[in-house]
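The following pair of complexes shares a single chain, chain A, combined with chain B in the former and chain C in the latter.
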Partner chain A sequence: MSAKEPSQPARAAVGSPNSIGRSTRSGIRGPPNYGVRRLRNAVMTGLAVASILIVLIPLADIIYLFVVRGLEVVSWPALTTITVGTGVEFVGGGISNAISGTIVLIGLATAITVPLGLVGGIYMAEFSDNNRFSEVLRFVADVLAGNSSMVVGLAGYFIFVLYFGWGYSALAGSLTLSILMFPYIFRTTELALRKVPNEIREGARALGSTKSAMINRLTLKFAMPGILTGILLSVSIGLSETAPLLFTASFSNYNFNGAFLHNPVGFLTYVVFVYSLLPSTSAHNLAYLSSFLLITSILAINVVARVVLRRFSKV
Partner chain B sequence: MMEEELRPAPNRGGDKETRKGEIETMTQNLSEERAQDSGGLISLAGLNAFYGEQKVLTDITLSIARNKITVFMGPSGCGKTTLLRTINRMNDGVRNFRVTGQVLLDGTDVYSPEVDPILLRTKVGMVFQKPNPFPISIYDNVAFGPRIHKLTKSKSELDQVVRASLEKAALWDEVGTRLSKSALELSGGQQQRLCIARALAVKPEVILMDEPASALDPGSTTRIEELLVELKENYTVVLVTHNMQQAARVGNSVAFLYKGDLVEFGPADEIFQNPKNPLTEKYIRGVL
Partner chain C sequence: MKAGNSRRRLVDRVYDFVSALLGSSALLFLFMILAVLAVFSLPSLVVNGLNFFTTVIWNPGISTTLTAVRGFPAMSGASYGMLVFFSGTLISSGLALLIGAPLSIGVAIFLSMIAPKRLSASLSFFVELLAGIPSIVFGFWGLLVLAPLLVNVVEPVMAQYLGFIPGFGGPVYGYGLIASGLVLALMIVPIVSAISRDAMSQTPIELKEAAMALGMTNWEVTRKVVLPYAKTAIVGSLVLGLGRALGETMAVAMVSQSALNILPMTVYYPINTLSAFMAVTFDSALTDPSGMEISSLAELALVLFIITTTVNIVARLLVRRGFISSAEHLVQV
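The block that comes next holds the complex of A and B.
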């Protein structure tokens, strides 16, 4: 019980040790209300577990529903043929137009956002020294991240579709998506770099390393798992967006034709959003199939992100 | 040179009497060595340092001899680390930090505008209090400096530099067969010697050591101290420590700093056996 003795032998020898504030009860048996404390602990643990279950049930339900329904309707033709008909009449066929459009939109948005987010995040963590400008940047990024995607979509419509005159197009859609994806890459890059211990920077500096050599060879390397996770999460954010694309990509029944301007493109969330409200089983099936693809790909991305983070973060 | 006598005896850590005698013989040896002093490589003249409005170093003037170990000694917060970091301008990036006065390296003021801090740091290496190996392989740690400064032309030349640096840091025998292993697998003392090897690989003239053994166990400390004494054959060493025994064991000259002032600077034996300033004497007696 006398934990103080080794560190302060001189003091321990004088006076009566361990007499301050201790109960007269000796030994290691708990105080009289110990049973109550244990009971309270058990109740609280039970409540915590119960609340986790309450959250998990709807999630499991969603996944179950869409996986079961998705597996019922998934077929090679449904994945490889284009949609036939529009919302006003009969809708059927497959969703290859939405799949190819989603891949193009997300791919282009990622290609635009990753370099910008990386450069921004690297600036924030390695160069900004928390100056005024960086505070403004961080504020803007936070506002962007917290913004309604509907509003961002409307802004994209005004700027890209109307003002630049690109019409409903892959480029307008991708740029609008990248506005929504940017804050995630930007902030996770900064945070991942800030997690790299400063001793490493000092060590590199003391060897006469320039900042760029240090970033390229050391800090970026160790922040990479975190940065990759941020990129993957922003891709899954992009995948699940609907509103901004309604404003900027519209929808098309045809596969992506290679034109980035003036041609509307299809995307999966549109199929879910619009076709689930149509009064026909064939439309519902397409919506289920799209939901299934979205859920599984987002799930896969999150699993990959976790594996990357766990496997490669050693710092 | 009489390095052999200067090395601490292997069975150190006995009773206090032998320890004291040992320090006396060592300091005697040092004073003989000092007779052949080869002049100052670094001289500080009227150096003041500030963090914002707060003055942390006041009018420091001293000369650091080539191929010697100069010790900055003093209690925590006395400014010894700041003083060390002015020599290779490591505090350049620190906000509101500013220096007045001169730090001359071989006659050139390191704070003059034409001096490139990057090049300065290749001449003046540094080892930190806490071992800070990069979380990469042992080989890559040592090769980091030569690679960024493109000091070697071929892989075999780089291999040689890595090996020579590890040998100089007395680490080759322990890690020579596992260079591709992560540096983080090494013990604390090995990591610190790796950091020394890493600094040596860029072929500096001066090595600044900021309490390099304070985070290590006694055995590792001994090895580092032995290494310091070996290193001064080829390098000028500046050592910061709050450990007087260490200062006495390895130091040729000792500067005692207190609250930002240079209280006393002189040959190690004079400082320890015959301190002129009552503050120094108090510190040595352990009552400051």
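The block that comes next holds the complex of A and C.
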């Protein structure tokens, strides 16, 4: 404590504007232009505060608008009945087709992407030794993640819908989504594994464990909260996609019927995109309801992801 | 014992191989995307040639007669020029950067230099939530709130008082360039500010303390010590945000009023971007009997791919951390 004491008054003297201002007035030479500098400091602080407000106000408005308006239109029938009518005429009914379609698309895309991304990420962190090949993979994953989902969507249409002849279908939509989700799981798995201390690996190997057993029983367990966070984030990325699904899943007014090929499926973002531009109130209400479901589920995923990371991280 | 050892080594080798194979799906995805886009854009590349890059008019010529041009079926009255979408993409993203850059840096300065630690942590969480909001919802918000506000309040005032500046006068539309730029700006703030804030808070405490001890104000410490220290990462994050804005589709598709065949003459004009145009034109492109319009869309996709990849490589060179900033950011907390 006594060691700190000399520094505290000194810092207070520099930090507090009043003391220096007083000394200037009393004739002792103070720092030059101190008033101007203080003013500039106040102005810049004000601008920084203004910029965070400018960013937070739209966010608050978006959440207010869609959560409050969404709550007004939430009803059991709207969630459990299918959409009636198409974009051209009157649209009404509910959005159970979009809800079930979204669950199928995201579920299937996650089921396809997790093994690829997770095991690929294990290679990057545990086996690659940062060789040239892994540098290439990392670069390619970054290019994929940085690209417009539109480009991936159009490519998905050409590959799955046309070339493979699957038509607009759940499988075409999910595979396109999984191309978009892959880089996130891939990279977050690698990062989570790299955060596991090397002592754990050395200890396991010193005791005679194989590398495989070391990964499966130790490092993966330690990295699991980070990996789960990455998976949850990629799910929220899949949930918010619209354009790629327009080209590969199209849309359907009927609930998912169990067919993965040749049958278009509905999804929530389509409802927002198309029905918000229609004139009727019933169509608008469906768009509000979909926005409400999208925002609340994505916020929930984000919160859960953070809780998982904070609560269960052992490293 | 020896046999056991070699079997164990084999297990490891198989694991190594299989995991490398699954990781290679990244290569497969990229290869598939580029290959199909190249194949499907071939008719457009051959028939439209350089006109694709230099003309303004996009007209599939649906009601004209079907002919053949250099061996590919084409409509006799068709014209495919990408200039409207190309310029709209660059202008709207540029505007987004112009508005978003000072905002994001302001947010980053507030979070790392001004706000108390508790407040900073919770505000960071909220700003990052902004990154998670689907772009379609941003678009819906722009449609319901932002564009009406612009057309009724902001743009008339701008036209009246800034009208003497070329490009700021004339009739206002609400849905168009300004609306797109603002929505895009809002969408790039979370990434840019998160990376910038991280870089700024990595400034060695000794440097900041030394500057304070010399009597610098908080802003002077920021301006002369923290910002120079974080400069590269901030520039990189801005380029990264630019890449995001260039490829953004749905929000722009909803507030840009989908301009066709006109270039923006004032900041109030309707615009269109490469990706937004692809999203709204896809259905009608499928009805083109010559198949040339869908091929031209594939060429647009290639152009967009080249632009965003170039921008992203630049950003990657600047920010070592890579692109998946929001996700990486969270994992590294």
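Going forward, the second predicted complex is superposed on the first by the 265 of 315 C-alpha atoms of A that agree within 3 Å, B and C clash if a C-alpha of one lies under 4 Å from a C-alpha of the other, contacts with A are read in each partner's own complex, and residues count from 1 in each chain.
Basically, a residue touches a chain if its C-beta (ideal position, glycine included) is under 8 Å from a C-beta of that chain, and two chains touch if they have at least 3 such contacts.
A quick note: this is a predicted structure, and the numbers were derived from the prediction, not measured.
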Query = So, does A:A155 touch the first partner chain B, the second partner chain C, both, or neither?
reply = second
Query = Which partner does A:F66 reach: the first (chain B), the second (chain C), both, or neither?
reply = second
Query = Given the touch rule stated above, what does A:G35 touch, chain B (first), chain C (second), both, or neither?
reply = neither
Message = Output check: A:I200 vs chain B and chain C. Expected answer is one of first, second, both, neither. What do you get?
response = first
Request  = Using the touch definition from the top, say if A:D129 reaches chain B (first), chain C (second), both or neither.
outcome  = first
Query = What is the contact status of A:R217 with respect to chain B (first) and chain C (second): first, second, both, or neither?
reply = first
Request  = In the three-chain superposition, say which chain, chain B or chain C, touches more residues of chain A.
outcome  = C
Ask   = Where on chain A do chain B and chain C both make contact?
value = 210
Request  = Would you tell me which residues of chain A are touching chain C in their complex?
outcome  = 10-11, 14-15, 20, 31, 37-38, 40-41, 44-45, 47-52, 54-56, 58-59, 61-62, 65-66, 115-116, 119-124, 126-128, 133-134, 136-152, 154-155, 157-159, 163, 179, 182-184, 186-188, 191-192, 195, 210-212, 215, 226, 229-230, 233-234, 236, 239-243, 246-247, 269, 272-273, 276-277, 287, 291, 294-295, 298-299, 301-302, 305-306, 309
Ask   = For the complex, which residues does chain B have touching chain A?
value = 88, 90, 93, 95, 118-122, 125-126, 128, 130, 132-136, 144-145, 147-149, 182, 184, 195, 198-199, 202
Residue ranges of chain C in contact with chain A within the complex = 8-9, 11-12, 15-16, 18-20, 22-27, 29-30, 32-33, 36-37, 39-40, 102-107, 109-111, 113-114, 123, 125-130, 132-141, 143-146, 186, 189, 193, 212-213, 215, 217-220, 222-223, 240, 243, 246-250, 253-254, 274-275, 278-279, 282, 297-298, 301, 304-305, 308-309, 311-313, 315-316, 322-324, 326-328, 330-333
Interfacial residue positions of chain A with respect to chain B in the complex = 129, 197, 199-200, 202-210, 213, 217-218, 221-222, 314-315
